[in-house]
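These are the structures in question, set out in turn.
In what comes next, chain A is part of two complexes: it sits with chain B in the first one and with chain C in the second one.
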Partner chain A sequence: MQRFSSRLSPQIVSVLGVIVIVIVIFSILSPGFLALGNVSNLLLQASSTAIAASGMTLVIMAGWIDLSIGSLMSLAVTIALAAAGVTSAAYGSSSIWTYFIVIGVSIAGGALNGVLIWALKVQPLLVTLGTMTIFSGIALHITSAGNRSASGPIQYLGRAVVFGIPLPVIVAVVVVVVIAFLLRRTPFGRYVTAIGGSERSARETGLPINRLRIVVFAISGLCAGIAGIITVGQVGTMQSTFGVGFEFTVITAVVVGGTSLTGGKGSVIGSALGAILLTLIDNGLNRVNASVYIYDVITGLVLLVAVLTDSVVMGRIRRMNVRIRQAGLERSQKTPST
Partner chain B sequence: MTSKIRIVSLSLALAAAASLGLAGCSGSGSGASTSGADKTTIGISFENGVGFREGQKRFYQIAAKKLNVSLEFQVAQNDAQRQSSQIKTMVSQGDQGIIILPLDPVAIEADIKTLNTAKVPVTTVDVAPKDVNSVKFHVGSDPLADGKAAAAEFVKLADGKPFKIVEMQGALNSNTGVARSKGLHDGLTGHDNVQIVSIVPTDWKPEPALTGIQNALQTHSDLAGIYLPTDGQIPAAYSALSAVNKKVKVGEPGHVAIVSIDGDPNGCQGVKDAYVDLDLATDVPNMTLHSLQQTVNLVQGKPVSIKSPEYLPSIAVTPSTIAANESKVWGCSQGG
Partner chain C sequence: MTDNGSVTTTSASPGESGTPLMRLSGISKSFDGTTVLKSMDLDVVRGEILILLGENGAGKSTLKNIMCGLLAPDGGSIEFQGTVQTEWNPRKAKELGLAAIHQELSLFPNLSVAENVNMIGLGNGRGYVETKDLERRTNAMFQDLLEIGIDSSILVAELPLATRQLVEIVKAIRTASSVLVLDEPTTSLSIQERRQLFTAMRRLRDNGYALVHVTHFLEEIEAVGDRVAIMRDGELVALNTKNELTVPQIEQLMVGRELAAVSRPETPPHDGAPVVLDVSDLGDAALLHDINLSVRSGEVVGIAGLSGAGRSELMQALVGLRAAHGDVKLEGRRFNRRSVVAGVQRGIVLVSEDRRTEQAFLERTVLENLTASMLGRVSNKLGLMRLGKERQLVGELIKKFGVRTDSANAEFGSMSGGNQQKAILARWLSLSPKVCLLDEPTKGIDVGAKAEVQRTIFELASTGVGLLVVSSDLPELFHVSDRILVMKGGTITAELHRSEFDATTILRAASSEKA
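Showing the complex of A and B:
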């Protein structure tokens, strides 16, 4: 048990605690909330946010931010559908190349963010705010704000089921595991954490910050692209509003999952749990037929509770660590030197 | 240092070139104009750029050709402040008349007052200002009647038996969305066998509609109907139904009824394919023609020839009536 708890960070424990409370409340209000079908539904609905949140965790862990992911995924899907000859909501179909184009545009768009931050020497917040507008503007220009059909092969990733498990859930698990591994077990992840701890110190120790930044933003773009393919595939259509506000949902999932907005501290698994928590709330409110006017209030309250729980748990851990250190110091002072 | 300056300059130059290129090849973007020398120019201010508005824009262009006038479009992208400044810009550019699709029915009154004071003819379309008499002509659909018609269809389909439906709510900040929802609820009053099991806020988007329908199907295996306030959500409904093997045609066992509003290409095709029970098509061709015609009348100093406000009834089409009414449904024409 001790070994198990030592593997779970306090942030993950606190978000898990909130998830359990939300599950208990909705299970009481809506019997069948934990039925296998609904759990599968929940995980399916959380998969896109969890994938994009994994990439965003890297960005935020490094002390940066990426506001452009919603627009980038919209642009990538728009370009890919246009390349496949989709011209309206009722005409045209995607092809297998649609996947490659979405992935290519997403990585390029993400890398462009990294290059612009380096070249213009401007804060990531401002650069990605700019590219957010540019990406969505280009997408709007291509579609003339019209809807686009997302039929054909692009639907496969969002709708396929493998051994009874929706494919997006499997993809999300793979992405979360790979990025968690990158962050925890590789020099790349340690560099990202170090930059988030102190970019100045990281620079002074000779870390290739500019190159790392391009890679981190490219990964964030890639994750957004995968999330875009899954979402569009599930919905079967793309509107001009596609991706609008998605960045804030993703950033919320990351922060609720315990990643510090100032960088240096966080967890990809926590972000995935944050995505699940956001989906749980929506799913539960749907099931209990909550008033449409109360959705935002409830969501905001649960998020506040999650952030507060994290802060309380972290505060207690800090105080506990101080006490342990003091006790150790006192013991060493009492022990006669040999 | 020089190389940095060069990179920054190059980036800015590329961005500017790209912007100019986009603007240059734009025939339909914000601020695009269908101009012609010596023609009357009418400015049209849209509140946002979505698929439905693009349909309206296309029919305005058809009407403009018929009436031999030029159009200048501006899209406020859901920013009331921007809509106000775009209207001022259109006037300063010499547009002789202005058609407004208000984003905020209250806030727009100040702009209407300014235009009336400046004696620039102004009319509104689709969404009425708070005081509809502040403009000489308003034409729109009747979202409350649409909601009631949808309710009547569900009542008819239920035939007195228990009938569970899930409602997608358009947008809480949209008069049309609120009225379409209210109409449905008003129409179902007194028909207790038809039960709304869940109301899902969607902000007109298909993504929340998908999850909302998935959740409703999961919670209520006997779900009998889906109410969509916009045809843009039809593909999302298909996706959710397909996942549980319930995408079944009208009249076949296991069919889940779909009633939707707009008459866009999704709606037209859905009714033709017999997956959508009823589509309430907004009369976009007449709405745009009447709007432009009356604005031109005002510019030419003539009185409006249609009583204001004019609320055009939607064209109700079902799988059995679509063939006869296809020409009246705007989304059935090529490309929507």
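Showing the complex of A and C:
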């Protein structure tokens, strides 16, 4: 029986296909779309989404969801800047410690999600909906909904260029590769995939679901934190709306990248491609001076198309399986069993 | 064995292999006020296969779940190798070498066979997974344990049910080092696969494992059993070595009453009765071909055949669950645009083999499950539900079909397997069908429930319903059928009337090469 050469290929191939189509369209509409400067810019824009999407892929692969990442990233940066003595958009500067505080708070916030789901025995959707509100509430309380200066060392990660490549792009590649390796090649990743396949089976098999959940949400938080540092460094100020709606961009990137919302099927590389696709559309529409409001319409359409392609591809595979099973039946008939 | 309330205990087999490995004492458990286990005591002994028998709802599954740490008992204690276990959970059980094969397979459909089998300890001590190595080792495991060749890189979702069951078996055996609990592991296996499993079980026993085998098939006592434990209503009613009890005694102990043999009503002359189902030249793209059959009103037609012969596929084709060409006539009128909905209107229903996963809503209530296919009958002209009427109808059905449940509002999945099956049967039969297709109607249910299902078949036939019954249980087919059709390779190869019923003839017609 021939096995489908790889489990991730059909999704990745379809995302790549859409990416190529989008590139072709915008190259025609806007010459210079593929110029080196714009490509570098594109990747830079996609990096924070790709990083957060990597963490989110683990969560969604396990059949869960994390709605709190946008708020968590805002909270982590807010606390770190407050700790560095930044009190307004014009006063104060970050320090090297700011990095550690953002990372610490975002891991802790993510782990808290995992602990709460375990302790309250409530679905991740509801728990992270709650923490999403709580995190952003605390952040707004600290800043009184004002803007904060993000000057000083915090800008380094978002703005540095190494060997002509923007540092955020390098960080994103590293994060994507590491988490892809975690998911594909380590027992931890298989456990996460297994839970997404059947949480009941995972329980009966004796997998440490609660511990795994805490780790997975902590990684998701960590990725959001890194994305937060990059974004705030690029902008230079943290606005009161920082992080709002980020979780939906990230979830869209993951789903467009072929990861199933019910869990058990997907890939980190796909999510990164999803992030790139969303950025391509954003950037392209910007270049052709499309109305700001049309962005969301197009993004929504791309999501629907991605989901549709996915179900068409999956449907074809399912039919193939039926044929394989019938071939198996015919074969088993030929072996005498009495 | 007339005083079946007393517990007969026999000393375990002699030698040092006879020390209790696991001891359950005074285990009790109740769900929402319903007592499922009353102070159970059970010793699990090294080097022994303990057969656990009991009717559906006797508490076998609950006991199994407590043994595996999936459920915490309300009272009593669990000892493992002489130590009382205060915190007993699946991980702890696993650490001590206990593994279980669950009735509802605990597999991950999205992962490969190799990954499923090796889920615990995937890294093999290293930090990453060597897929090729894993697959090679898994293939070897299947060969060693069951003498079955398999490509373990295939996803479990792509495997047929029987193979999945084998995967579950290998997965459990791999992690077991002391106790192996098998909850009805043989239901979808072929005879040959069963034999291979039994050989593997005996080998494990000889290596000092303790095995607990939960089953409905009494013949498996003879095949692999050392001791037999019989449960009834949450209590242990007998614990004997295997040859101390006869089959009728066991049946009586399980049911707690003399089993009234379901007598078949005098066979009515069907020849004059109208044909309710007439099939000509039915076939499909893959398996079925040239199928011709007819069923008269009040007639029970049995379908025999080996697994893979196309029996279930024929049933599915008849109600439109499977695309097929050919003519189907119901009461003389054509039924060629087949679908389940149209079938219900025309009076043909199928109770499929895998009732619980294909036809039940496990998380919903018993009531909702029962009326799911006849909401039209319990709602008014505006399409609003008449809840009182629904409740009344469901009450009648529960009583009529002997469904044992706490209340109509209980969660469907909380009932025992046999009762779930009775409930699904009740749902379809309450539609007053003209033609009723039953696919393995007594599979996986106990002797008591089996008799009730058979009685239901006779009752239906006596009211003029035509029945087509698929069963792998030949004695049952002989008992219920007026005629038996034998299928092989997607078509009908033999037809036997009541006077010609003979196991050898049927087996010959059903098996491919062998004469």
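Just so it is clear, the second predicted complex is superposed on the first by the 310 of 338 C-alpha atoms of A that agree within 3 Å, B and C clash if a C-alpha of one lies under 4 Å from a C-alpha of the other, contacts with A are read in each partner's own complex, and residues count from 1 in each chain.
Here is the rule we use: contacts are C-beta pairs under 8 Å (C-beta built on N, C-alpha and C of every residue); 3 or more make two chains touch, one makes a residue touch a chain.
Bear in mind the structure is a predicted one, so any value in this text is a computation, not a measurement.
**Q** Touch test for A:Lys265: chain B only (first), chain C only (second), both, or neither?
**A** So A:Lys265 only meets chain C here.
**Q** According to the stated criteria, A:Thr299 is in contact with first (chain B), second (chain C), both, or neither; which is it?
**A** It touches nothing on chain B or chain C.
**Q** Between chain B and chain C, whom does A:Gly197 touch in the aligned arrangement: first, second, both, or neither?
**A** second
**Q** Now for A:Ser27: first (chain B), second (chain C), both, or neither, which partner does it touch?
**A** Neither chain B nor chain C is touched by A:Ser27.
**Q** Kindly classify A:Leu120 by the partners it touches after superposition: chain B alone (first), chain C alone (second), both, or neither?
**A** In the superposition, A:Leu120 contacts chain B only.
**Q** For A:Gln45, decide between first (touching chain B), second (touching chain C), both and neither.
**A** In the superposition, A:Gln45 touches chain B alone.
**Q** Just chain B (first), just chain C (second), both, or neither: which does A:Thr237 touch?
**A** first
**Q** Using the touch definition up top, name the residues of chain A that touch chain C in the complex.
**A** Residues 1, 3, 7, 181, 185-187, 189-191, 193-194, 196-198, 200-208, 264-265, 321, 323-326, 328-330, 332-334, 336-338 of chain A touch chain C in their complex.
**Q** Per the contact definition, I'd like the list of chain C residues that touch chain A in the complex.
**A** On the chain C side, the touching residues are 68, 70, 90-91, 93-94, 100, 102, 104-111, 115, 119-123, 127-129, 151, 153-155, 157-158, 160, 171, 190-192, 286-287, 306-309, 488-489, 507, 511-514.
**Q** Which of the residues in chain B come into contact with chain A in the complex?
**A** Counting only chain B, the residues touching chain A are 4, 7-8, 11, 15, 22, 26, 28-29, 49-51, 53-54, 75, 169, 172, 196-201, 203-208, 210-212, 214-216, 218-219, 232, 234-236, 238-239, 242-243, 264-266, 268-269, 331, 335-336.
**Q** For the complex, which residues does chain A have touching chain B?
**A** Residues in contact with chain B: 30, 32, 35, 37-38, 41, 44-45, 87-91, 116, 119-121, 134, 137-138, 140-141, 144-147, 149-150, 159, 231, 234-237, 239-242, 279, 282-283, 286-287, 289, 291-293, 295.
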